[in-house]
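Paired with chain B in one complex and with chain C in the other, chain A is shared by the two complexes that follow.
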Partner chain A sequence: MTVDIQFIVNASSYIGSAIAMGFGAIGAAIGVGYTAAMANSAIGEKPDSSGTLFKTMLVGQAVAESAAIFALVVSVLLIFRKVPAVGLHQAAAALGAGISMGFGAIGSGIGSGIPGGQVCLGLARQPAFSGRLIITFLIGSAVSQTPAILAMIVALMLLFIDFSNDLITAAALLGAGISMGFGAIGSGIGSGFPAGEACIGTARQPELAGSITTNMLIGSAVCQTPAIFSMVVALMLMFMKFSHAPLNPTWAALIGAGISTGLAAIGSGIGGGMAAGGSCEGISRQPRSVGQVTTIMLVGQAVAQTPSIFGLLVSFILMFKAFPEATTVSAAMALLGAGISMGFGGIGPGIGNGMAAESAAKWVARNLEKTGDLMRTMLVGQAVSQSTAIYAMVISLVLIFVV
Partner chain B sequence: MPVSIEGADIVKAAAFIGAGISMGLGAIGPGVGEGMAAAKACEAIGKNPEQAGLLTRTMLVGQAVSESTGIYSLVVALLLLFVV
Partner chain C sequence: MGDLGRIHQLIIPLGNYKMTFNLEVIVMTWIVIAVLITFGYLTVRKKSIFPHSFQVLGELFVSGLYKLTEDALDEKLARKYGPLTCALFMFLIISNWLGLIPHMEEPTKDLNTPLGLGLMGFIIAHSAGIKSKGLKDYLKEYCAPIFFMAPLNIIGELAKVVSISFRLFGNIMGGAIIILVVSHLTYSILLPPFLNAFFGIFVGTIQAFVFTMLTVVYISVQVK
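Take a look at the complex of A and B:
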């Protein structure tokens, strides 16, 4: 059976377009809905401020909606872009672009909805500080959009750059899309937590607006690391030359490299965000605690980032190790399995570490004398939570080096 | 490039992918669960610092139990890799 390559490329573009829009709509819809829900509850509390609250809700919804609009743009481009088909790598690039944009928009949609909702609650509490609150909210939700923008950049690069025409490049492009798409979810959701807590915190303690915003920015910057790791892996997969390597099992190594960093980044992004959210909440309760709370937030976030660093490590091994040519399916599946193990295995420990750090930051603020005890408990708890990520890494390394 | 498809190879391939899926998905729950235990332990120590020793012990016992499913996944992954 022969199928014209043009048909395959067109079909992949249409599937990619559906993935981009379908998944890309999830996050924005949740974020917009959350903003509306919180605005309603705020108007219920303070019907006199309904005008300001209504306007703020619309601004918040517009920011959260932008993730879906990025997805719409990429989706429409995938449908109407007319390219003469020369090889299957174009089909992989179209699918990769769809995955990158579709999954990449989920996190930012949810993440920028959180501050949109919280700022409405804050405004109901402190209508007099609406200007300061709206600035905090706009900064916070702009930072939450970053992962979606990174995902859109990778998707557009996949669509408009001419890659070399071979099957290994096709696998690498698919891996790049997977890495960036999934990798953006965690950072997008995560940076919504500090932004939301900063809005509520500024309403609680307007005179602390400066130090809360600083803390939020430090926290959400650290939150972006997993998305940036994913982008680094995506760019390496796009621009390194793998063409000389044997097709089997290198194709599986490259897709596995994308899965490993992309999925492991979900947990670290969410976890880092929880730590930053706890820290913003703590500072707004106890202004004296800024120093200790920021320290414990950074330590907690650093531990929460470890699963994504393990993921990055496994990806690097999969990309840089020269695998001997194999004629078996099992050689390829071992490498794909390595990516799956580390990728999924990194999600839980990242979130768990973040929970521990969130709670530690909140309670250090309330009980400053016990910073030492809390730091110790947090680290012991995180170490145990980390263990499953280490098992996952061990299984990945066994799959790569032993079997 | 020809890729040979024979029964034993397919079984091995399935075992390798299965090991990855087992360990990968199996690690999600314990990670989250142990984090919850640690979070609540920090909260309780913040409220009641004199009981730090008791709370840390309870946290560790709880986490050890939560860890068990992660270890089951590890065992299954290792069985798939080295035994079957």
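Take a look at the complex of A and C:
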């Protein structure tokens, strides 16, 4: 039976479009629902201003919905795009674009729903400051959309750039999609936390609006780092030349590289967001604490990002090490396994470290004299939580270098 | 786009061993050092009670970083490690900003620079720990909670070096790659200045600060 390439490319375009829309709808729906729920409780608290609150809720939902609209665009493009099929790399690119957009939209959907909900609560508390609150909320949700936009850029690049026609490139393109798609989840959810806390904090202390917004912007920008790492790995997989390497173990190494950074970025993104959220709350409670709280937030976020850095390290080794040609499939599985081990192993420690940093930032604001002690406790606790990521990295390195 | 991952190298064979120099990094590091020395000279020249502009800038830098060191360590140790903090932060911030100038490259974009600085911090932290606790108590900590956890504790300490240096390297190099690819795809229209501002100024400053703070904090964890 001869396999028709056009058939395979079409088939994977359809699967890709289904993945893009199906998974892409998850996050936005949750985010929209959260906004509506918070708007309900805000209207219940303050029935007089139900008109303003209702309008704000609709704006918040529209912003959260846009992640799903990005997914819809990519999905429609995948279905109706007509290209002459020349190789299997197009099939991989279509599938990768679907994965990148579908999973990449989950985080931003949830994340940008959080500020939408919190701004309704804030407005119920301080109707007089609606202008200031709405600006904070719009900036916050725009930042939360960044990971979905990065995912859409990678998806469109996968669809519209001509890549070289061989099987290793096909594996690399699939890896690029996986890396960007999963890597955007964490940062999207995470950057919703500081945005939400900033909205409610501005309502609590309107005269601090400036420093709370600054803190939110720093926190949510640093929280994008895991998504940026994933995008870097995706770009390297797309644009570096791997065609001279032997096909058999290298295809697994490239997909493994995508899995490793992509999955490990989930936890780090959420964790970094929790730290930033805690610091926004802390500043709104204790205005004098801006310096110390920002410092502890940055240190906490940096440590929360460590799992995604380990993921990046494993990806780099998988991309740059020259593997000898293998005849069996076991060598390839070891490399794929290295990516899976580091990827999944990095999710938990990132969130755990973020929890430690969140509560440290909150408590430093209440207890400024004890900054040093609190930071030390946070770091020692994070070091223990980190050890699971280190176990995962050790197993990955053993799978790459020893097996 | 073909120069993704290209490095200018000078390789000197030395018997069986090859010494490799990354020329760009060396030259860029010298430029950073020259900028810092000039800045230092301008700062302390004509010191007066009514400070001139450079003196104000220098005092701002030093007193701010000194205060941060004091928060993490205590007053006595801050006197000892304060200069390290200031030097590290100023070196890193100038390094990270250097890429904004056309034809210049950040020395921190090459893994060797962050790794060297990370190893330096590691050695300083651990020698400080041995000095303050004594060798016996220092070694005992590795066997906590049980003795057979020692190998994993040692790997955990080494992983700190990996994470601190790869954090800086990944951020700076990632920014450079994203700027390169986006500039190429958009034919350098409109977007690159904003990306340069974000990755060069903003991320560069934050990462320099984080690297410095983590070095100080690693010392404080070892000492206490």
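In this text, the second predicted complex is superposed on the first by the 403 of 403 C-alpha atoms of A that agree within 3 Å, B and C clash if a C-alpha of one lies under 4 Å from a C-alpha of the other, contacts with A are read in each partner's own complex, and residues count from 1 in each chain.
Heads up, the rule we're going with is that a residue touches a chain if its C-beta (ideal position, glycine included) is under 8 Å from a C-beta of that chain, and two chains touch if they have at least 3 such contacts.
Everything quoted here is computed from the prediction, not taken from an experiment.
Placing chain B and chain C on a common chain A by superposition gives a fit, with no clash between them.
When the two complexes are overlaid on their common chain A, residue A:N353 makes contact with chain B while staying clear of chain C. Of the two partner chains placed by superposition, only chain C is touched by A:T306; chain B is not. With both structures placed on the common chain, the touch criterion links A:F344 to chain B but leaves chain C unconnected. When both complexes are overlaid on chain A, the residue A:S387 reaches chain B and chain C alike. In the superposed model, A:G267 makes contact with chain B only, not with chain C. More residues of chain A are touched by B (comparison of chain B with chain C). In the superposition on chain A, contact is made by A:M333 with chain B only, not with chain C. Chain centres taken from Cα atoms put the angle at chain A, between chain B and chain C, at 80 degrees to the nearest 10.
Once the two complexes are laid over each other on the shared chain, residue contacts for A:A221 go to chain C alone; chain B is not touched. Chain B and chain C never share a C-alpha pair closer than 8 Å once the two structures are laid over each other. Residues 380, 386-387, 391, 394 of chain A touch chain B in one complex and chain C in the other. Residues 246-248, 263, 267, 271, 307, 325, 327-330, 332-334, 336-356, 358-360, 362-364, 366-367, 369-370, 373-374, 377-378, 380-382, 384-389, 391-392, 394-396, 398-399, 402-403 of chain A are the ones touching chain B in the complex.
The residues of chain C lying in touch with chain A in their complex are 1, 4-5, 68, 71-74, 152, 155-156, 159, 162-163, 166-167, 170-171, 173-175, 177-178, 181, 185, 198, 202-203, 206, 209-210, 213-214, 217, 220-221, 224. Of all the residues in chain B, the ones that touch chain A in their complex are 1-5, 9-10, 12-21, 23-43, 45-47, 49, 52, 55-56, 59-60, 63-64, 67, 70-71, 73-74, 77-78, 81-82. Chain contact summary for the complex, chain A toward chain C: residues 157, 218, 221-222, 225, 228-229, 231-232, 235-236, 239-240, 292, 295, 298-299, 302-303, 305-306, 309-310, 312-313, 371-372, 375-376, 379-380, 383, 386-387, 390-391, 393-394.
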